[in-house]
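By written order: A, B, C and D. Residues from 1 in each chain.
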Amino acid sequence: MNFLLEPLSIVTFSPLLGVLVLLFLKSEQKAALRWTALVTSLITFLISLWAFFFSGLYNPANGGLQLVAKYNWINVAGWDIRYYLAADGLSILLILLTTFLTPIAILSTWTAVEERVKDFMLFFLLLEVGMIGVFVAQDLFLFYIFWEFTLIPMYFLIGIWGGPNRLYAAVKFFLYTMAGSILMLLAILWLGINGGTFSVPDLVAQGNIPADTQLWLFIAFAAAFAIKVPMWPLHSWLPDAHVEAPTAGSVILAGVLLKMGTYGFLRFNLPLFPEASVQAAPVIGWLAVIGILYGAAVSFYQKDVKKLVAYSSVSHLGFVMLGMFALNAQGVAGAILQMVNHGLSTGALFLLVGMIYEQTHTRDLPVYGGLWKITPIFGTLTLIVGLSSMGLPGLNGFVGEFTILLGAFGAGMKDGVFAGAGGFWLAGLAAVGVILAAIYILYMFQKMFLGPAGEITKHHDLKDLNWREILTLLPLLVFIFWIGLYPKPFFDLMMPAIENLLMPFQAILMAAH
Amino acid sequence: MTQTDFSTILPVTILTAWASLLLLADLFLPREQKGWTALLAALGLALTMGITLAQSGQEFAPGFGGMIVRDGFSTFLNVLFLLIGLLGIAVSHGYNHRMGIERGEYYPLMLFSVVGMMLMAQATDLIVVFLALELLSFPLYVMAAFAYPKPQSEEAGLKYFLLGAFSSGFVVYGIALAFGATGSTDLAYILAAVSTGAASLPLLTAGAGLILVGFGFKVAAVPFHMWTPDVYQGAPTSVTAFMAAGAKAAGFAALLRVFGMAFPALAADLAPLMAILAALTMILGNLVAVAQTDMKRMLAYSSIAQAGYILMAFAPFDNEAARTMAVAGGLFYLVAYTLASFGSWGVVIALERAEDKGLQITDYNGLGRKYPLLGAAMAVFMLSLIGLPPTLGLIGKIYLFRAALEGGLVWLAIVGALTSIVSAFYYLRVVVNMFMREGQPQVEREWWLEFAIGAVAIGTIIVSLWPFPLFDWAQQAVMVLF
Amino acid sequence: MLLNEANPATGFFGLVPWIVFAPVIGLLINAFFGKRLGETGVGLVASLAAGAAFLVSVLQAVSLAQHPEGAIVKLGEWIHIGQLALDWAFRVDTLSVTMMLVVSGVGTLIHIYAIGYMREDVRFKNDPARFPRFFVFLNLFIAAMMILVSGDNYLMLFVGWEGVGLASFLLIGFWYDMDTLGRPSWANSNAAKKAFITNRVGDFGFLIAGFLMFWYLGSFQFDAVFAGAPGLAKLHPEIILLMTVFMLIGVAGKSAQIPLYVWLPDAMAGPTPVSALIHAATMVTAGVYLIARSAPIFGLLHDSQYIVATVGAVTALFAATIAVGQYDIKKVLAYSTISQLGFMVAAVGMGAYVAGMFHLVTHAFFKALLFLGAGSVILGLERGHHHAAHHHGHGSHAENHHEETFDPGDMRNMGGLRKTMPVTFWVYMVGTLALGGIFPFAGFWSKDEILLDASLHFPHVYWILSAAAFLTAFYMGRQVWMVFFGKARHEAAEHAEESPLVITIPLIILAALSALGGFINLPFKGFHQFGHWLEHTLGAIEFPPFSLAVAGVSTLLALGAIALSWLLYQRKPLEHGQADPLAKPLGLLFVGMENKWFIDEAYQFLFVQPYHALAGFLAQKVDWDFWHEWFHDSVLVQGFVGLARFLANPVDLGLIDRVSYWLSDAIRASAEGLRKLQTGFVRSYALSVVLGVAAILGYLLLK
Amino acid sequence: MVPVSYYLILSAILFSLGALGVLMRRNALVIFMSIELMLNAANLAFVAFTRVHETFSGQIFVFFVMAVAAAEVAVGLALIVTIYRSRQSVDIDQLSSLKG
């Protein structure tokens, strides 16, 4: 049982202790259930902080995998499946984002979830295990198990505690995601069979996959990840899932689950199939740009706030994909940071929407209006988060979007990956997304908070945020400002790993041009 | 009869004797104490299981002039069959009582059927294979009609019987042709005849094809599947549970044994056929299951589809490098399927009430709410049948896909993958109904049933986290075949 | 503590971050404790914060006097990725300190003015609780503007650039739940949104210019960029041209040039101090500052200069024509601002950086003065209106009537204010003369320098600007006649009252600056103090000799314009309800001027509506109806379910059955008159088995 | 002497007739008899092949098949009788309540 004592194992599985405690509590003990879940997730967060920063076991200056836990798991002729956990600069921020957002999401359910609290918390903690697992697994097989596992709790979270159309949304979410991942499974098996191992670092080190095969495998992996991201035009499940999911579910869905897709590209597609990545980069780049503009335009039209935010995710994650496939330091670093940013900003937006929804039970924009006068704190926080989401300099969103666009623009230079496939146009059009983002965010802000008082504002006795709600948002705000003003610690964490990641691409790009 | 001969058939003999005695003993049991029969039958199975396991250390041990054998393969499967028998008793006991079909001969019949299954795994002569096939089938015919005079049950019994007998006609004729081609029904001899060139290959091929039909019927492969939904629906659910796991497993056992031992020379011809059968079975089973509203029919089509997945293990039959692993994967999946299938039928039994109430998928609405553990168990089975973590079904499916890929059958793996998505569609509907819709399902609380369901659910999860021993065992088991 | 240690700054340079910190501290105090501080407390804190920033700026100037080379004060690292190295670093040189002084100096005055103005305004608008918020935003603006002018790299400049945009958005939309007349409406918030989004369009240009800069010059830091630019200009002049053009888009957004000026007139929805501070004196000049700051790039290509100068000049004239046709006192000033910004942009475009910056400074003085004066007028009218309504009494009908129609900003409601508001009148006159370019007021000197430069290098710019200068004097004359002379055309104007000291004192200070501000850079040999001051930053500057001809012509034009306006508007003062005297002689031309040449409508038609339609089309038709409903629900789901049903019924039971029927028919036929046979299910199942057998055997034996 | 192939052809014909009978007859009993015919066709083949290979095992198989067929009769008739009792008919086309 040594493998359970590894730091990353403890991080990954510590929510299970909470699950155990929950099992012994009665469904009626709602407060105890909530506190158990909250404390568990907080402890998990603290453990993750300890593991990376205070244990002395993780050296941020090292670009390689660290905190390695590597044990044989399933080892029969030709099968070499390992229990292989590790973290590096590509995943550390996402692991921390997961452990950070989970307690916040749980806190947001304090009064929002009154039914079946026990089941809710159970699923939530299980979901956390799956999400952390996805980010720490270095064995394809193990990764796949965690990957698929996250589907189940989320499916229940949407399906049981969701809105009126929840069944449809839950099943759609499930089937879309599964459709993608099953193709990835085949590619994983192919890799395992031909490489004799499922361990990602070993497969990367072997790196002898012929270019045309690479492309097929790339597509198979991309199918899973692109649906999860979701990249345009595979986003059709997202508005449903987001709109129907309970607030905490939306927060986690936007904050972490979508990142699993982008992380997958980063962790698997790029290093495993470098030649194919270079080949596919323009296609992905263009899809990302379309997604950026399309998502922004479509969200501008929405009357449902949650849907608006959901479509904005399509736009934001387009930025992430664009930066990642710019395949230069700025682009990739920006992409990783933007994953975190999107988790914070969109997570916060969903929290805010959830908080007002709890009072008014409507998300219909036209019935709001003039809210700022009645709920100044709520309005101000929404404004800050909205500004962060549209990339106002000084807040986190800008740092991510700017570095991404800078990277994408650089990829249009003559030795870049987009040269000859649109060049500067990609970054140029993507930068138009910055304008469109301002349009839909301001539209949302205006329709809710500015203007004359709307029906809801007039006829409801609306209360401003209470202390618990402010406390829920505060940590997010701290990071929104921190990353915006002083992102250096965050970049420092990822840069060595990014340099390692990008090493092979120099040569490939040289050869290509 | 030598000592080896005897030790080879010791478990089978004991179980047969036990069943016969049980039949007698049952006569002396008063009507209201038929529970004892069940307990005694379980005892017999447990005893046999003990003996089988005790013998398991010994190597390939042929008996009766090579007609029957005891080896790792048979041990693996016999343990599985005995387990199926035990589970079958566990789910039958309360149900039969509740449905008013608690008759003494039920358990002896079940034991006889298990004997047939065990013989099937042990047979190395086509004569024994045929006998075992019939021995396992006859009790099932009777049990399918066990709820007489309920029309559906009678209809199921007769349909099963007529079609079963019809298909065994093909098997017999196939055996005759194989015999004609090689001059023997001994599997080892047939193999030898082929390799020395003494055999008439066209005749043998035709024979193999006809035998395949018989087994295909037992495992419910398309296009020999059509009896399945009707019989599964019409038969008492307890019988269906037993049949869905046992008969299918036995069919695969025979398929593996016969095709593994006797027909490797025909592999190049048979393998593509298997791949096509597997693909058709997966596609048709899964697609048709989607349209079902009756739980039993849905599960029946699901079991057809699952057979398709297991058939994937035969697809790389012509690839020497891949087939051992493939067949081991097949055995592994068989276990995964058995557990999930038994579990889900167990839940169906828990919900079924007299006059065919509680069998619609909509009758599962709110199950997870009212009976969270039962709902959770059912969810585990559904996830396992889809092939999602943390269940055995995922590991099994991965083994099978891997087998197909290793055998170079990428298209088959893709078909498997795509149909898995389709399967999610209807399995999830059950989960949706259980957890996300409101309803007032009524469940009969029965200790044995719940214990069986719980044990199977936990097993499905635990083994998936630590699948290595089971797979290792499966791999050891198939070593002897090739 | 927050002072920089790595760069041991000489003199007071190390204090420079406090120009940002001070207003930030101010805004935080007011944001958190604003409710408890009371109105005076809030105003005091905010003014002190702005004043502190001004003090630090003065100290910078003092240090610069001793160390004119300036300093770079690094606060910390910001974004470091690969060769991308962005720091939080402040640049203290004569150019940035000039801007700091203007921003914080005028800013402080306006803060003080706003204490008085907002105290009344929030009461007129019935929401006193909103008072602290105004000063939070105002401090936010100062902080952002200070970042803009003091940043040592383009990206930090951009932080300020967008930051002031945000502050502008918040302040324009300060009365977000009403229109300029206080009626519940979306108008103000629409104006705010329009400002932000238009600015974002400009920011887009800025960003693209930044990308080009980074990937071709390898840095965002001013010195590094300027060092590399000449080399690039030789290798790839087109890149430099692109860079400048995209930067010009940014400038057009922020400094309200064609084609992005449309937000500025709407921005008058903000309270008057905001119009004065942000939309006249400081923020809108950021674009001018940007070009002056980027002088080493813009100066490289004649093409860039030509484009920028032309855009500026055309804007100057274009906006001036619109200003002639406006009735709202602030709208006139708004278009005047656009026009004057055109002067500045044209100046810096031509390479006359000193002239441009000079005009920027003087314009800050007199335009702030004019706006604040206008604010004072509006308040005066509101007081008068209040007074009148009060006296009229008790008929709520009358009051309602006034509420609905009275617009205190409409010049047609004014007239004769020179008597009721004497202080305001006099300072306003100073501002008018300065703006009109009448000797010796500040505007005369700075405008003259621009015209002089233009006459030497870009004659077409000179002609356009001269026309604009003529119109400037004309519309200012028109305004003054309409507002302060003649008879009151509305009872509110009749009862208008002078503003309190807290308002008039800043006005007087600004009036003094407007009158005397021109003397910082007299265009005679031996003077040019301002030019020499900037030389430390911009490098050696060639000062063209003062030309009496240019100065004479422009003065004559201005005087002529004022005379013309007197003829039209004062000789026979406007009566209530009378049409503008220009309407008849100019005809359609005046309709165009009145309606801003229908540019807003055109944009609405060309951009806004199509985007709405496109977004609607994408969202409703493409994404929802087509992709979500049709493709997913109909094609995927229905297709799938249909296929499943089809297989379940027609195929599994039907097709296979059908084939069975068909085959059984065939068999029957071949079996020669076998008895009539009815197939049943069991038998069709059996047939399926037989078919399977046949297929398998066929496959095995025939292949 | 009659060649073995004749027996085989006969056996094939009998088998086919049996299969056709299953497909075409409605009476459960007749169908059942047709199945017996198929089994006996197999038996004939066994016997014939036994001649070819000059071994006994085929003939032994025949006995097994006959025994199994007898057992089948027991089970089958029991089922058919049960059904006749409840429905007064052994027309298998009426046994189609289970479908779908």
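Keep in mind that, in the parts below, a residue touches a chain if its C-beta (ideal position, glycine included) is under 8 Å from a C-beta of that chain, and two chains touch if they have at least 3 such contacts.
Since this is a predicted model, take the numbers as computed values, not measurements.
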{"item": "Between B-C and C-D, the pair with more C-beta contacts", "value": "B-C"}
{"item": "Centre-most chain [mean C-alpha coordinates]", "value": "A"}
{"item": "Length of the line joining the C-alpha centres of chain C and chain D, rounded to whole Å", "value": "94"}
{"item": "CA centroid of chain B to CA centroid of chain C, Å", "value": "75"}
{"item": "Geometric centre distance via CA averages, chain D-chain A, whole Å", "value": "65"}
{"item": "Approximate Å spacing (C-alpha centroids) for the pair chain A, chain C", "value": "34"}
{"item": "Contacts with 2+ other chains: residues of chain C", "value": "648-649, 681-682, 686"}
{"item": "Per-residue multi-chain contacts in chain D, two or more chains", "value": "19, 22, 31, 92, 95-96, 99-100"}
{"item": "Residues within chain A bordering two or more other chains", "value": "none"}
{"item": "Touch relationships between chains, expressed as pairs", "value": "A-B, A-C, B-C, B-D, C-D"}
{"item": "Residue ranges of chain B in contact with chain D within the complex", "value": "127, 130-131, 134, 138, 141-142, 145, 148-149, 151-152, 154-159, 161-162, 165-166, 169-170, 172-173, 175-177, 179-180, 183-185, 229-231, 233-234, 292, 294, 297"}
{"item": "Touching residues (chain side chain B, partner chain A) in the complex", "value": "325, 369, 372, 383, 386, 388-390, 394, 398, 401-402, 405-406, 410, 413-414, 417-418, 420-421, 424-425, 428-429, 431-432, 435-437, 467-468, 471-472, 475"}
{"item": "Chain C contact footprint on chain B (complex, rising order)", "value": "158-159, 162-163, 166-167, 170, 202, 205-206, 208-210, 212-213, 216-217, 223-224, 226-227, 230, 269-270, 273, 284, 287-292, 422, 425"}
{"item": "Interfacial residue positions of chain D with respect to chain C in the complex", "value": "19-20, 22-26, 31, 91-96, 99-100"}
{"item": "Residues of chain C that touch chain B when the two form their complex", "value": "640-641, 643-645, 647-649, 652, 656, 681-682, 684-686, 688-689, 691-693, 695-697, 699-701, 703"}
